[in-house]
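Below: one structure, written as structure tokens.
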Amino acid sequence: MTIVVLVVFMAGAKDAKIKKMMADVKALKIQGAKNVAIAGARMLKISAEQSKAKDARAFIVELEAVSKKIVVLRPTEPALRNGQDIILSEIGAMKNLSLQDLKIKTAKICDDYVLEVQSVLGKIALLGSRIIVDGDVVMTHCHSNNVVEILKAAKKQGKKFKVIVTETRPLYQGKITAKELADEKIDVVYCIDAASASLMNRATKVLVGADAIASDGSVVNKIGTYQIAIEAKEHSVPFYVACGTHKYDPMTAMGYPEPIEERGKKEVVGKGELKVRGINVVNPAFDVTPKEYVREIITEIGAYSPEALVSILESENRSRPKRG
Amino acid sequence: MTIVVLVVFMAGAKDAKIKKMMADVKALKIQGAKNVAIAGARMLKISAEQSKAKDARAFIVELEAVSKKIVVLRPTEPALRNGQDIILSEIGAMKNLSLQDLKIKTAKICDDYVLEVQSVLGKIALLGSRIIVDGDVVMTHCHSNNVVEILKAAKKQGKKFKVIVTETRPLYQGKITAKELADEKIDVVYCIDAASASLMNRATKVLVGADAIASDGSVVNKIGTYQIAIEAKEHSVPFYVACGTHKYDPMTAMGYPEPIEERGKKEVVGKGELKVRGINVVNPAFDVTPKEYVREIITEIGAYSPEALVSILESENRSRPKRG
Amino acid sequence: MTIVVLVVFMAGAKDAKIKKMMADVKALKIQGAKNVAIAGARMLKISAEQSKAKDARAFIVELEAVSKKIVVLRPTEPALRNGQDIILSEIGAMKNLSLQDLKIKTAKICDDYVLEVQSVLGKIALLGSRIIVDGDVVMTHCHSNNVVEILKAAKKQGKKFKVIVTETRPLYQGKITAKELADEKIDVVYCIDAASASLMNRATKVLVGADAIASDGSVVNKIGTYQIAIEAKEHSVPFYVACGTHKYDPMTAMGYPEPIEERGKKEVVGKGELKVRGINVVNPAFDVTPKEYVREIITEIGAYSPEALVSILESENRSRPKRG
Amino acid sequence: MTIVVLVVFMAGAKDAKIKKMMADVKALKIQGAKNVAIAGARMLKISAEQSKAKDARAFIVELEAVSKKIVVLRPTEPALRNGQDIILSEIGAMKNLSLQDLKIKTAKICDDYVLEVQSVLGKIALLGSRIIVDGDVVMTHCHSNNVVEILKAAKKQGKKFKVIVTETRPLYQGKITAKELADEKIDVVYCIDAASASLMNRATKVLVGADAIASDGSVVNKIGTYQIAIEAKEHSVPFYVACGTHKYDPMTAMGYPEPIEERGKKEVVGKGELKVRGINVVNPAFDVTPKEYVREIITEIGAYSPEALVSILESENRSRPKRG
Amino acid sequence: MTIVVLVVFMAGAKDAKIKKMMADVKALKIQGAKNVAIAGARMLKISAEQSKAKDARAFIVELEAVSKKIVVLRPTEPALRNGQDIILSEIGAMKNLSLQDLKIKTAKICDDYVLEVQSVLGKIALLGSRIIVDGDVVMTHCHSNNVVEILKAAKKQGKKFKVIVTETRPLYQGKITAKELADEKIDVVYCIDAASASLMNRATKVLVGADAIASDGSVVNKIGTYQIAIEAKEHSVPFYVACGTHKYDPMTAMGYPEPIEERGKKEVVGKGELKVRGINVVNPAFDVTPKEYVREIITEIGAYSPEALVSILESENRSRPKRG
Amino acid sequence: MTIVVLVVFMAGAKDAKIKKMMADVKALKIQGAKNVAIAGARMLKISAEQSKAKDARAFIVELEAVSKKIVVLRPTEPALRNGQDIILSEIGAMKNLSLQDLKIKTAKICDDYVLEVQSVLGKIALLGSRIIVDGDVVMTHCHSNNVVEILKAAKKQGKKFKVIVTETRPLYQGKITAKELADEKIDVVYCIDAASASLMNRATKVLVGADAIASDGSVVNKIGTYQIAIEAKEHSVPFYVACGTHKYDPMTAMGYPEPIEERGKKEVVGKGELKVRGINVVNPAFDVTPKEYVREIITEIGAYSPEALVSILESENRSRPKRG
């Protein structure tokens, strides 16, 4: 059904650039919560520029419709939803401007949002880099800009450490991580996911990104993260998460479970391969790591235990208007 | 160095069939402790048939030399070593026979050994099948004949259960397991290795094979087994191992660590891929699961805790002559 | 001594209805924090209606005296104490009204409080129901309206799940739970308390109510809850608590231990039975489950880890006047 | 089906005394592995005395038939099965005697068996009593003669300790334990099963009996034992089991799971009570405590870890003839 | 290098009294965060009194310089840093006063700070004493005024309990604790640090002080605390920390690791002793106990889980001006 | 009382050399199970040489009396008891020899026993050294010849590793260990006992000696061992024990607890220091580490899990005559 919605929408998209971005977001070519949120803001900006609305009211209605289509591209991505919420509520507050002024403001709002999101990365990199010490062996999983930037910052500070990178089946995002780190002359040990338990006794820290933080302090991240968290606990290796606070999903406080995307079987097995009666190939994209496995979450506002982070964010969320 | 030895030896092999078998054993085309042990016995038999030795003494010396070359093909395989030990000590006990009689006897000893090893599988299948009950969801990893035969036997007994099969990177032996089970109309859930932690809360049992049992009750098996064992313990899911007693490696009681084969990088990454300065691709073929993770080991002589099994086997080993 | 106070008070109660309610509260006929808090509000309302005080000041003094007697009926029930605090502080704020107006307002304050408490249940039911998913097997203990309403709401949403209900010795409140769930056509497995460990491997979630939440995130609930929490942790089954925020006891932040009521031996053994010299029958009504066993607490303001919930509530409590 | 067998058999029983014993065994009036095994031996003796067989061969055939009926009374009791095996194999070894001599010998074999079983208790009491030290607080569950005798012996040695006794729903065997201990002037704390977790922090040892020991070192005992074992592990309180070696069930080494008797619902709920559509009352009589929870098993041949005990017993079992 | 700074500073100190205090702080003669913070305030006060500055501005500059030297005496002591921050920011807010007024105010600010810090102890003693109950066996480590005052307060309330005191190598601060408690007629068991694991099964609570609280809820305290925390967790003995909220170090939220002072080898081994090539004597003064080991932290504002405490303090910290 | 016995005995000792040895054994100057057992054998030999018995029978009676006095010097040392048992039973078997022959034989029996015990060390060193691998960081506690010899052997094999040595209060045997290892050019990190938890994340193995092995697989060793075992388990660092099989104490299988020597307070506190009313200085010399913390025990007959080792030794013990 999601796909149907997408097709309908993409047929209605007037602009090749947006079409391309949407397809890239949908196909996971644009990856990582930050990049997806930024792409969402940029798509809104392009839509605003191309809008043929006759007045401010129609303009806002149009943008809201576009935004709904954008959100549906990655229904499990709270950062995308949060970003669209923030931008639309700022636009909505200017509904009394003239259409022309509104268009100019909208472009600025989108640009500012992108800048702010981009600055998050720098803050996290700085904070997180302080946690790395000489001699560390940091295990990471999948690809996270926050993790890579932390490690790069630590390297620039002259710290000496190694990184164990797991390949992260089925899409091998570990390769991206390994290359980006090696480009910075960071020593990398690269292995299959199933080797993480054996290598855990060499690790001094685990550091991963997150796709979402839930109200009970759980961390939703790429499939395989929970496995590494269990291994880290079994070896008393501290488990760090690095992500912007936009990853916190306040809907989880209302009881909504964080949806776990089930992706296509073809990512796991070749076309037709194992298409045997009785074999059910499952491919969950994420898993959930409960609070007791997580030492702290490194965000742009500080590094806290997941429990403390949630209560700090909740008190702030309460003052922000919610989308309908 | 091992490779050098192999090359030297293979140059010296007079027979295409043995050469082929040796290459297959070396290249992991012949897989599984049982198959390798049987191949070892068959290679001895062929060597005996082709022997040009002039007398019984020379015949035995020749066979011992061949056996050393066979053992070196898979230096980390205790079943192969154990099998060669047993056969050679039986041949050695007949050194007073005429050369002709000795050749006949040797063929028979090799055949008997193969039959005995082959019967182990049936006994394990029967014992192990009793452990499966209606409603079970059994997680397994890699490919083990013992595991497959247990599950097939349980299915034939009319038991209703599912099996979760992990793909087992880098060589995907999980595919073989999935197909063999599906052929018997057993329901299979197939997933990447890193999904095992998320699926563990659905599993009622874990059942894997073993490459070696150490004297401290540790189980050496395909890389990824230890990871699943940790997850199983964290969820109080009992962890069963199925293997013949020939997997017990008495050398570990003498302090020798069970060697963990480090295999080629190409199994993990494509040719040239990630051949970046600073990236060290590691590919250990096995890992070690300590006794406290293992509920019991199902063997042809009974199902016991690893600790009890080792002491039962040790008392038997003490009465058998050891190879020099 | 508590009993003496009660007797004295009940002798002084002028009204049969209040007497009856007080006896019921004392005898646990009125059960559950919510029902007790509501009964407390209603008793205050009746007292206000029957008051023969000559002026507003005397009226308030009288109500405060009554309230003290009400609180002492269940000295270990924070919800009762919290409710009385809230009502009395609102009445106190109106001390300048005429006696007649004050009486009318008092009735309204009591009614409003009851309505608010009653709405809590609906909110918790909605939030909590979102956590239940198809295929769940939910273990519960004792009887909690919050738990029952969550499960009923989930059932109405068409979700398919089972519930394991423990009988909850010595008073068998599990029977009430089992019947209420079965009336809604929810599948129930009913068992003795001591069978919970054996059945835990079938459970996917534990969901219980709470009598009090302490400042360290501990949950005080019916005896047997801690046992189930330990079993759940041992099997990595997430442990949920459902209760209104009025269960939070801010006195615990001041170091006061949550009192654990020791109830009569006759609940455990028949009259005279085991009245043997040397046998000490103990009957604690509640036990304490520390934070590390609790995944999240589902309240009317959201579902949070116990640690986050306490800090959210503490910041709110700080702005409310405290009773002397 | 078991019941049908029983009815048929009891119809065929010629003797009121045996009928009574059989009914008592079946109805759990004769309880405890030892008592059941002794009753089995006595029933065989009475049958032998009343036999109208014409010759030794017919006599043995008759006894074997009786024995099969005895075993089926309690199909989950390895001690009964073991005892019948031992007696019948000794009788079988005398098949060449005259009928009259055989009858005399049979009576003696049965008597000797009873004496030997009875002496086990004394040996276990002596060994086990040495483990109790001044200041101990020993938690026990259900009723076990071995446990009671150990504690009585320790008391007689002048040791000062307390015992926490759980009531053991549904049949309250804890009452028997509490009374027997109090009769010996041992201090007893008596509580419901669900209070064991709360009281565990006062316990210094747990000591329970066993219905069966499995080949993986698991202990099968009254439902609720596993719960206490988990609690004991969580508090690092050592968990001791006291039982005769006849409780070891060698069939488990052949993969046979120890059967867990599911008993009638009426033991749990009153007649008709909770007979509501959708409520499934379950009443497993036993549960299984895996090896890692058990510090040691105290038997008449010594106190060992479960793993060591199994391997010691297995080496002895191998030399005893097995029943067909 | 720290030593060099100290030497330089001490050379510049004009006053013997300050010199003495500084030497005492440096040499750990003045111990405990509270005492060090108070000494810091007093040194500032003396410096202010002796100041020869010509105007308010120069006075403030001078005090800031002195303060920097004070902080560097114990760079790992957040309470000292926090205290200096608070005093200096209050002085800074009065920069428009005349020099004479400013001097008077400064003395008062320093005195008030000392009074406030001193009152913290009383509040913690009161709160914490409520947690102690009759029959408790409290294990403590090192010397903490908060712990001693809690136990003294509980004793004065007539509670009956014992305290296990570990000697706390290398400086044996446990002796001070033992004596102070014995002076109050509290029963003390005194032992070497390495005996704590063996004695843990007798303890009902662990209660220690803290040198710093980190933003992830970790507790930094005297070396050996983490060891006792692990043992307490292994035995399910609740682990309490008592300290003022000034121990919270907000710099840790910015990713700064709490520095662990490495102290001189002579504290561990006699002069010259073990000065053998290849032997590296290490002497970390503190260790880090992560949140999951800590039941609650008892502070002057309440007793909370570490996670809740951090978020409560963070919301308050955000409104206080930070030092540059 | 033990002291009284000693005084009486020493008064009766006829020989200065024995007196000296006895005093040294008693005063822990002769340390380590092996050295004590050897000293015991040598004292028997000297006694035999000095014997003035008139015939073989009196000679044996005399030696038995001496042996009893020797055993009582270190009542908690099973190796001493085992050694005396073995020597006396061999002497007893020769009671028909002439007195002169018996004296000669006795000397030889004692010498042979010493040689055998001494060879144990070499075997353990060889076996254990195989377990050390390049890059290892081995934590050890107290002083054990077995541990030192293993590490020296591994060093001689060219392996590169570090050793963390804890000082081992109260008697600082860690200093001996540190010096002996440094003499062999092994890198040593030396720290107080309480630092072991903090350093555990750097350790790859723990290796300690043992004073006794109990029948449940527990290891009795110097106080502080259990603490390190808990820390090792918490960090999944494998815990190895190295000791001769003469450390197995078969009395524990009979329920006898391994006695834990309580040593004088002066070892812990200076003379008179802390001699305050209400302070009870305790000084247990040993603690008990249960089986689940121990990966394997390295002995002269092989390296096994504690459970397997006990059952192997028990089967051997059964064939040896026991002392009365």
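Which chain is which? They are A, B, C, D, E and F, in the order written, and residues in each are numbered from 1.
The working rule: a residue touches a chain if its C-beta (ideal position, glycine included) is under 8 Å from a C-beta of that chain, and two chains touch if they have at least 3 such contacts.
Here the structure is a predicted model, which is why all the values come from computation and not from measurement.
Participant: With over half of the numbers shared counting as same, classify the subunit B/subunit F interface as same or different.
Facilitator: different
Participant: Using CA atom averages as chain centres, what separation in Å is found between subunit B and subunit C?
Facilitator: Centres of subunit B and subunit C (C-alpha means) sit 59 Å apart.
Participant: What is the distance in Å between the mean C-alpha positions of subunit A and subunit C?
Facilitator: Going by mean C-alpha positions, subunit A sits 40 Å from subunit C.
Participant: Please list all residues of subunit C that touch 2 or more other chains.
Facilitator: Where subunit C meets two or more other chains at a single residue, that happens at 234, 292, 305, 307-308, 311, 315.
Participant: Following the definition at the start, I'd like every touching pair of chains, please.
Facilitator: A-B, A-C, A-E, A-F, B-C, B-D, B-F, C-D, C-E, D-E, D-F, E-F
Participant: Which of the residues in subunit C come into contact with subunit A in the complex?
Facilitator: Within the complex, subunit C contacts subunit A at residues 126-131, 133, 238, 292, 295-296, 298, 302-305, 307-309, 311-312, 315.
Participant: If we count contacts the way the header does, which residues on subunit F are in touch with subunit A in the complex?
Facilitator: My answer: residues 200-201, 204, 234-237.
Participant: Please output the residues of subunit F touching subunit E within their complex, sorted ascending.
Facilitator: For this pair, the touching residues of subunit F are 166-170, 175, 178-179, 181-183, 185-199, 223-224, 226-227, 230-231, 233-234, 268-269, 273-274, 276-284, 287-288.
Participant: Quick one: in the complex, what on subunit F touches subunit D?
Facilitator: Answer in residue numbers: 215-217, 252-257, 290-292, 305-308, 310-311, 314-315.
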